[in-house]
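Data first, discussion second: the structure below is written as structure tokens.
Letters A, B and C mark the chains as written, and numbering starts fresh at 1 in each.
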């Protein structure tokens, strides 16, 4: 019974982290699906989202506003605005001028952008990690008090529900809205979409903005969940989310969700049963193995080499 | 020397090539023609090892080569050009020709560092062969220009020269005349015939320029929508009703 | 039209404010577990507003500014000429290079110990960058985990000396070969991957190595690292005040001169110099050999290269292995110079710095890479207040280089190959 509870605890922890990874992974997968580049700076966009959210929360506290829903919603909106703007600007400044050049060039530009943003926040806000108030405490407890207790916190429930809402909205947006349809058209064939009068530049910008907004949501959620943030906070999370995107099949939105969950669970299982030190090794190892044996991921479409 | 039997290639649900057969004898120019999207280039991609065919056999000098890696097929003596010229643009013309002769690079890493006489001899031979072919296609004066800066027609010729320095037995040319002016096409015509006559190379040619095809081909295969439509001498093809219908439409 | 421009300019100015003000203008300050918010000093706020105004004006008069810029002739015109005749160029080059090397040989005897130490570090970066240049610049494979091979070299020497008492000179080839072996084993499966996937996988590999070094405490000492790494010896002569190893003699006693800590520093510098020159020469030979041309061919057009009979795996693997070999080389020297190593020295940032050197120098160009290595290592030391901004500037420079001059500040010059006319 205890072992089972322990297992479920790891599962819940994994699914929590995993769904947040999935939110970040959307940004990678959409951008890759449309312009075929890895947006290396996406992890930093997520980190900036977390910082903005913390700034908003602290600001509200200074103003004496203490009603939780207001704090959360204002923090969320601020984070989404700043991250989306950042996402838009990054694409405009660092990626659009090099679009269509040799594959390595946008990638190096993206790495440069990632380093730049990391140090931008580092210089502005310091390199130490800063405590992030949990805001949502408490939760359900399962199992008897004298042995292992499984807990499902309200925070975790918030993460699940928020992810679910975001994913549903995104799917609706992609399948129903005009911009969403244009997004799909551009990811099928950018040249053709251009000929048909779709403003591909606008669609690409939209992709970056949407990805950044979702990353900001993840920034707020994971900031609260982990309890502290620092300028390097985005780098590893970005790599994890990228792994999730590749695992699910890069370019596929349901794939990002699935990949995120699998990655989160395998990480928490490693921490729970092996050692927390090796969880990063497991996720990178997973990434290498997928790329070697199934580069198209679980739900991705095979690519035919054009000659 | 080359026999393609019942070749088929499937991409997902699409059967791009279905039951195409082809044979090429020594010192023969065989053309593959057909409307756009008929699957000609796909046949080439299968023959040169870029795609693994879904069905059928490809025999080169009696040896089955289908599904072999591209570089191994090329080393057997089947070399191709591309529909859209693929040169090493930032390398010089002569370097392009040297690279083509570098298939055994692993064996001479140490020899090259030490510049052994054997290595020098080999390098000299590759240089001479490169010089010979540059002279042959009229690019000698441009030998040290970057390949990407050449005019289009020159790039086409360089691509053929680059194949020839590998001393192939079979040359596969994918629309070599595309984008050339009439004078250049005429030169190309002579060059291809000379490759066959003087260098004993067999040629498989994909081309839309019918006068070129009719002029130099020994035999012609027509493909339509991935299926073989007709094959025979230029004269026979010219008079084939199916071919005329496919090209002129159903009317 | 004008209204549109105005709207766009306003939009861009607002964007600038939104991305700059919250992060720069509002500082989070941790006091114990409490976090408070403080406004930044006025100068920061003013510069943020000034930045927004500059963006606004630039966007408003974009057309005029760009056309004005275009009319200024570029100081670095793109060369369309044929390269200089090889023999002439080679002669000039070899004179200049020999001159520089001779200068570099005698220079340390006239400067301070700190400068020599810094110069040794520069030389280590030169080795690293030259090695990475083979992988990224020539073969076009983006390796973001290059520092892992550097770590392999450094740890090989550190551990061999700790557990088996192996000296620098024995460890040098072993470290390099072991790094090459790592490169080969990793390269074998991953080189099939497309460029951007390769980048991520190598990055993951680099992180795995670092995490292992950090956690395999029994062997590597974990975060505490390995210390007591011996200095190199000169024909069995040690540079310490007292001889550590039985049977060795000390350098200053042999020559009957007073002991000085500088001898060791200078000796290390000279070793690094010799090894860096060796690295440069060997890679230069490779570039002019079939293997080097194959690297470039694969970078230029992989499909065409394969169609000509080049084995993609063999070519990429050779680049990867050779690159790793020189990283191992540099790692051994680094371990010896520091005397102490820990996983801290082998983080991703280090890979990024080496990559920045290669990108700035001009991918594929050796002289460019050497100059960039010198600049990137020395500039932050010269201007201390600047060193805080070092990575910020590197990041921005990488983006700007990709936009304006992806071929680097010193792009590769093709070599002229004379041909004999054939009859």
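Keep this in mind: contacts are C-beta pairs under 8 Å (C-beta built on N, C-alpha and C of every residue); 3 or more make two chains touch, one makes a residue touch a chain.
Remember, it's a predicted structure, so these values are computed and weren't measured experimentally.
J.: Hey, which chain ends up farthest from chain A, C-alpha centres compared?
T.: The most remote chain is B.
J.: Suppose every chain is reduced to the average of its Cα atoms; which one is closest to the average of all protein Cα atoms?
T.: C
J.: Which whole number of Å gives the spacing of the CA centres of chain A and chain B?
T.: 48
J.: From the C-alpha centre of chain A to that of chain C, how far is it in Å?
T.: One centre to the other, that is 30 Å.
J.: Between chain B and chain C, what is the separation of their C-alpha centroids in Å?
T.: 42
J.: Which residues of chain A are in contact with two or more other chains?
T.: 305, 307
J.: For chain B, give me the residues that contact two or more of the other chains.
T.: 50, 82
J.: Out of chain C, which residues touch more than one other chain, so two or more?
T.: 303
J.: Within the complex, which stretch of chain A touches chain C?
T.: Touching chain C from chain A are residues 37-38, 48, 51-52, 54-55, 58-59, 62, 78, 81-82, 85-86, 88-89, 93-94, 97-98, 101-109, 111-121, 123-126, 128, 130-133, 235, 239, 242-243, 246, 275, 277-278, 280-281, 284-285, 287-288, 291-292, 295, 305, 307.
J.: Using the touch rule from the top, collect the residues of chain B that touch chain C in their complex.
T.: 48, 50, 69-71, 74-75, 79-80, 82, 86-92, 94-95, 98-103, 105-106, 108-109, 112-113, 127-128, 130-132, 134-135, 140, 143-146, 149, 162-163, 166
J.: So in the complex, the part of chain C that touches chain B is made up of which residues?
T.: For chain C paired with chain B, touching residues are 80, 82-83, 282, 285-286, 289-291, 293-294, 296-297, 300-301, 303-312, 314-315, 318, 412, 414, 416-417, 419-422.
J.: If you look only at chain C, which of its residues touch chain A in the complex?
T.: Residue list for chain C touching chain A: 15, 18-19, 22-24, 26-28, 30, 33-37, 136, 140, 142, 144, 189-190, 192-197, 199-201, 203-205, 207-208, 211-212, 214-215, 303, 348-349, 352, 355-356, 359, 388-389, 391-392, 394-399, 401-403, 406.
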